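Once you scroll down, you'll see the structures, which are given as structure tokens.
Below, chain A partners chain B and then partners chain C, in two separate complexes.
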Partner chain A sequence: MIARIGADTRALPVLALVVIVFGIVAAGNPTFAQAGTYAAIYAIAAIGLSLLMGNVNQISIGQAGFFGLGAYAVAYGTTSWTLPPALSWPLAAALGVAAAALAGLAVGFIALRFRGHYLAVATLAFGLICVGVFHESALLGGAIGIQNVPYPQFGPLTISGYPAYWFAWAFAALAALVSINLLRGRSGRAFETIRNDELAAEVLGIPTRRYKIVAFAYAGALAGLAGAIYAAFLGIVVPDAVSVQLSITLLLMVVLGGSGSVSGALIGAALLAIIDISGNQFENSREVAYGVLVIAVVIAAPGGIFGLIRARINAPAAPRRSSSPPAEPHAAIAPPANGRAPLAVSGVTKRFGGLVAVNDVSFTLERGTLTSLIGPNGAGKTTLFNAIGGIGDLTAGSVTIAGVDVTGQQPHRIAALGVGRTFQNARLFGEMTVLENVLAGTFRRRDPERIAVERAYATLERLELAPLANTLARDLAFGDRRRVELARAIAADPWLLLVDEPAAGLNASERDRLQRDLLALRDDGMTLLLIEHDMRLVMAISERVMVLKFGTLIADGPPENVRNDPGVVAAYLGTAVPGTATA
Partner chain B sequence: MLLEIRDLHAGYGALDVLRGISLDVDRGELVAVLGPNGAGKSTLLRAISHMEADVRSGSIAFDGHDLVRASTVAGVGFGCLHVPEGRRLFTELTVDDNLRLGAYTADRRTLDADVAAIYERFPSLAQRKSQIAFSLSGGEQQMLAIGRALMARPKLLMLDEPSTGLAPLIVAQIFDLLADLKRAGTALLVVEQNAYLTLQHADRAYVLEGGAIALAGTATELAADPRVRAIYLGGSVT
Partner chain C sequence: MLQLLVAGLTVGSGYALVALGIHIVLRATRIINFAQGEFTIVGGLLALTFVEVFRANTWVALAGATIAGFVLGLAFERIVLRPAARSGEMALTIATIGMVSILLYGHALVPGWGSLPQPLPAFTGDVSDALDLAGVSIQIQSLWVLALLLLALAVLYVFFERTYYGKAIRAAANDPVGARLIGIDVTNARSVSVGLAIALAAYGGTIIGPITLVGGAGGVVIAIKGFVAAIIGGLESPAGCVLGGLLVGVIEKLIQGLPGVSYGISDPIVYALLLVGLLVRPQGLIGARGAVRD
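Showing the complex of A and B:
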């Protein structure tokens, strides 16, 4: 399990105990019980927002809109339908949650087109639209909202006052458990990789867009559930209660508590609920207190309150290898069955505005060969790699991988075909251990956890990285970072591997290792395409060298021919211009 | 010596790039730094001017000042100017404003005269002085980047790949300009991919490989040295 989530999981029983003890203490104190109930309601919405902000890096200042959908569904349903009270709240709440989830799905789709401040403004607009609709809708009571919402009734038990505390916390506990479960195992690892580096996640076959949309829908559903409980608890829903103010309060809870953690959301929600109730008589000072708190937390604990606590919680042990390893954890690389060329690039052109970065490039790679792509700075090598890997659209041309036309496909789909890739600047997931990085590399295989762990360890051993398994990637030495990235890229046994400048920054002995590792992969049957500036390495290991200059292929052939090609010599060393002054 | 570097180690974060560079530039000299991609050429300039790169150890003496301890701004004040790769103009500002900002550390009383002198040297910039820098051609942008640096009255001008992306004729103009500046007494440290052309104009050159100096000598010696080509394209010397 990811260390960060491990600490989160370990904190939950303690927080549950606090909720239970507080609940017992609050039995004779209506103010306490009310504050505790609000804490639970806020917590449900904050958990969803925390996941959205902390795990898929999306911000939302529109959560009150989803909250309002849940609240109004309950207010409207329970006051207009003629259903037994035991049925009307659950049914209306379920409808509200579903509506909020659908709205979240829609906002999630739209959010893919926005980043940073623009996303914040777009979600803010969603919240404002919701309030506007609630405000103008005669059906929902307009500005005065819906009054006399009945308390949920289950047999002899009426959920109001003190019982509402336990009712709300039961839902909060459920939300916490479901959320923590999402953050574990394969899906949790995917969330963690997106948190660390979206592009690197995508080339491992992780559908980052889908995860973002799902996170929006999930956060929307939880906010809707919070609204549904809120309406039943308070008995009245007005547009002002679900305004931007609430969205910002939820945001504050997540920032204060620490985004990306369930415990942080619970702590933030409890803190603000207590300030809210205890500060009731100081109506105007409340905002001041919020402001001071946020400034203090941002300066003293950028990871939020839970960020401070987390460091004191012992991380759980890393997953171990089973004593009886499953058969064949490292199967031989299965080439594409149809016998087609691993990679065929045809007429690929990529323009950025007026600049032609890649100009009508075509080539085909033979299976089990190692080909290097070289060229001066700015020749378009990485752009061509990105074009093959589905990062950015092509201006013209097509890319065929093992006979499958992948032109215009998203990177995770190309990865899923069996294509691995490394980056010029080794984009590791810094907050994850070496083992977790490599485990994330196995994502596309959909192995059971036990097999995935076994495969990750086998890959680490293969590259002699096992002693570093539990080191955080951000603490690695530079040379090791490169090797871990290679391990991550080959963990799922791709049959085509694109390697971008693997030797950059390596010392002589690390470079020798790299040379051995790459040749071993080729001998296993992998097809490799390498961008590299280290000519000794390129000339020593490549069967074929292609030279790119200003986006155009100017040479293609065995290393010896390419090295002596006059055009290549001129591309690399320039040519003296006759007739100009000499020094 | 104007610039004297001894056993310089530098890099970025965990990455070590320069592994013990020693290099000199004298007044009025044009010194080239050559080498394949990733050899550490740009990092050398960035370490001297403290842009992005971190100096780990070694010494950089410039005109009696210790540049290892000086900030980027202090280095400019001493007369050590860096024209970075990609030019880094203020693209939304006019040509005139770009030039005037170049004189930020210089004497303001002579500002107008200095700007006029730059326009005299670059007539095409004079015609475009109220255009935004973004609208200039690549060659004009490179001239503006050099002109902006000249506004600070440099003793040493460091240029990172001034010929990148320019047509051969424009490249020739840039190198003629460098020869002019040299005659006027400015020392030049030029990083270039285009080895043979640069060697035509340089007095001396250093060839970097893997963050260390692989070859050093006069431009004439190096232009005839087959090892230069072997460093760029691998293989044994033939």
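Showing the complex of A and C:
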């Protein structure tokens, strides 16, 4: 992630220079200036779409609709209001951008209830609805649209022709800066975790849906801004100009340039603006070429042009620790403020169709204890974890965390209370480094970046992972993956930690380490609930063992009692068939 | 009223076939083929070529266009979809959007096709021939469209439910890994599925051709109405797709038939139905709950 955005920040000054040089060269050449202005207008919309596609994995084929909202707001406002010219464009543009952002929120809200392909269809429908409404609305001029849209005027300066180039690029630069800011630091990491693994992001307290909806609104607002500039620059808005083809062209720019990067969006927009102008006499073949190009790019270079360039830009240095002493050394874990039991599960039942995976389970955990949940495969242990963490709805029962009823809450809300979780299959963010993974784990603390980095390093040192800080998570060895996931889960100092089979696949020395680490966490005051199959580990570290069989809690008590419980022995080894046992 | 109903069922037949095609590609590749509507347009134009170049009648043209559509589908799968699938689902979806651009603008470049819609000869008699039914005049062509839709459905049903090969394709779509384990050529099944879907598009584009004309830039509109149909009826259910298609056609004609309603406003209303449908009943009228939400 830092590599992605880092390459972006390195490339942007170069691109800015290109824009400035081109602008100076284009001073005497109206065609150049026009192509350059279009490039800026497209770039603004493409930057938003790029964030949507590259960072939250959502396709939109409806960006022309948002573009149209901005364009028509300006066309209508500036031609029908009686306002001083210096006011009318900014006001109409602001309204258009706001309308587009709101529409983006709405589309995002509707679309995010469904999987990817429904979403793309919903955006396409939105775009077509907009064109249809523009086409049918007498107020907006119907099929012939709105003509004679005045140029924006600021005092003696009229924004038309050559000045429009600088005007449009100023907005594009602003959009680029805002995007870069969104993509770095805490919010940037959140976007990156969503791209990598949504569920893992949620259990770190990252509100993934909110981020996606914000991405939609942001992409919508930028498309609206592009439309607002377009209307003023061209002086005419017709429904056909904001048709599906514009949406496809914007998509192509992003794919061509490389989605998820600001530089890629700029490169893609500039290229298409140039092809657009120079290919004017080749109508139809030009669009066919676009189609061929987009298919060729997704097949041959899915990262787009900037994806190819990025590999050649040296990865920038990872964030370094400040030399000052740790602002907040690893303190003992603060217990839930109100002194209530960290976790109380009451009558929890989860059915999948006819299968009862968890059946009327109730228990309460004491603060600062380590409890293990054991049971044969398929006993419902992970399902119970998911139920506690808010993943999936409960069929019945309630979950109370530190006195707060969290039944039915989204996972990120439960995580935000101070609950950490690891997964059976160590769901790390593969495209992020170990340090970035752990930094993402600090999300819910809202620390300033410097403190967050400090905290992440301290966590890594605690688990002796510091040498791996800059390794990409997908390149890690298996045992290290588990330890990094643990580091990520404890980076925000949760007071309740749910650990799902941490010892699975570990060798003997790794298991000893794990045992030490878990005990140390408990001694810090953390409350741990552990799913584990390794009985030696379970018996060695647990103060309490609960046994789940076919979803039902069949034993609960100190390890030695549970070990000798006939029901438990039967669950694991089976019972002798009466009459055959004696030999 | 009855007249509007028949007119609705007629255009709805086209949407039903598009929805079915989308359904088949979705089953085989897990993505939505945004180019399905464009293939419908191209299919109608292929029929036109058979009529104009080979002096075929519309029946022969229908067979020719369907076979040509199948071949086109195989090529589409081999040249575009299969390589793009390696870059992920999003890339695959984007590739079908690229295909929209190619077909939408490309068909205008083909000699004899052009960018303006053209008439296809009627299946029997003249396009304007009508049957007088208790004072309501019903276009003979409409009846042909409905009959041909039923024929296509019957053939598809027999193929997917009664033949070994059809069942193998369904198995490959349901569970590619499992199908591979029992010796089904999943790659081949996928390619035949896409071929069938595009053949269906060509068939659909041809049967409605005499009434709605063939060619033009309406592919995106046809495609989105196919989506609306598929989503209203249930994207995962073939019967739902057909029902949804007919329903969308009827709703569209009824809206257009309302007094004082501008002809062009029916489309945005139908699209809005899609958004409402997505919100209210994402699994469609026919479809298992939980199939859609994540």
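Rule of thumb we're sticking to: the second predicted complex is superposed on the first by the 570 of 583 C-alpha atoms of A that agree within 3 Å, B and C clash if a C-alpha of one lies under 4 Å from a C-alpha of the other, contacts with A are read in each partner's own complex, and residues count from 1 in each chain.
Going forward, contacts are C-beta pairs under 8 Å (C-beta built on N, C-alpha and C of every residue); 3 or more make two chains touch, one makes a residue touch a chain.
On a predicted model such as this, the values are computed, not experimentally measured, just so you know.
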Partner chain(s) touched by A:Met539 [first = chain B, second = chain C, both, neither]: first
Partner chain in contact with A:Val121 - chain B first, chain C second, else both or neither: second
Which superposed partner A:Ala504 touches (first chain B, second chain C, both, neither): first
Chain B versus chain C as contact partner of A:Ile236, first or second or both or neither: neither
Chain B versus chain C as contact partner of A:Pro302, first or second or both or neither: second
Touching partner for A:Ile391 - first (chain B), second (chain C), both, neither: neither
Touching partner for A:Ile451 - first (chain B), second (chain C), both, neither: neither
Partner chain in contact with A:Val255 - chain B first, chain C second, else both or neither: second
Partner touching more residues of chain A, whether chain B or chain C: C
Chain A residues contacted in one complex by chain B, in the other by chain C: none
Residues on chain B engaged by chain A in the complex (per definition of touch): 14-17, 30, 36-38, 161, 164-165, 168, 171-172, 175-176, 179, 192-203, 210, 219, 223, 228-229, 232-235
Residue ranges of chain A in contact with chain B within the complex: 376-378, 476-478, 481, 501, 504-505, 508, 533-536, 538-540, 559-560, 563, 568-569, 572-577, 580-583
Contact footprint of chain A on chain C as seen in their complex: 26, 31-32, 34, 80, 83-84, 86-95, 97-106, 108-109, 115, 220-221, 224, 227-228, 231, 235, 262, 264-265, 267-268, 271-272, 274-275, 278-279, 282, 292-294
Sites on chain A touched by chain C in the complex: 53, 57, 59, 61, 110-111, 113-118, 120-122, 124-126, 128-129, 132-133, 135-136, 244-245, 248, 251-252, 255, 283-288, 290-295, 298-299, 302
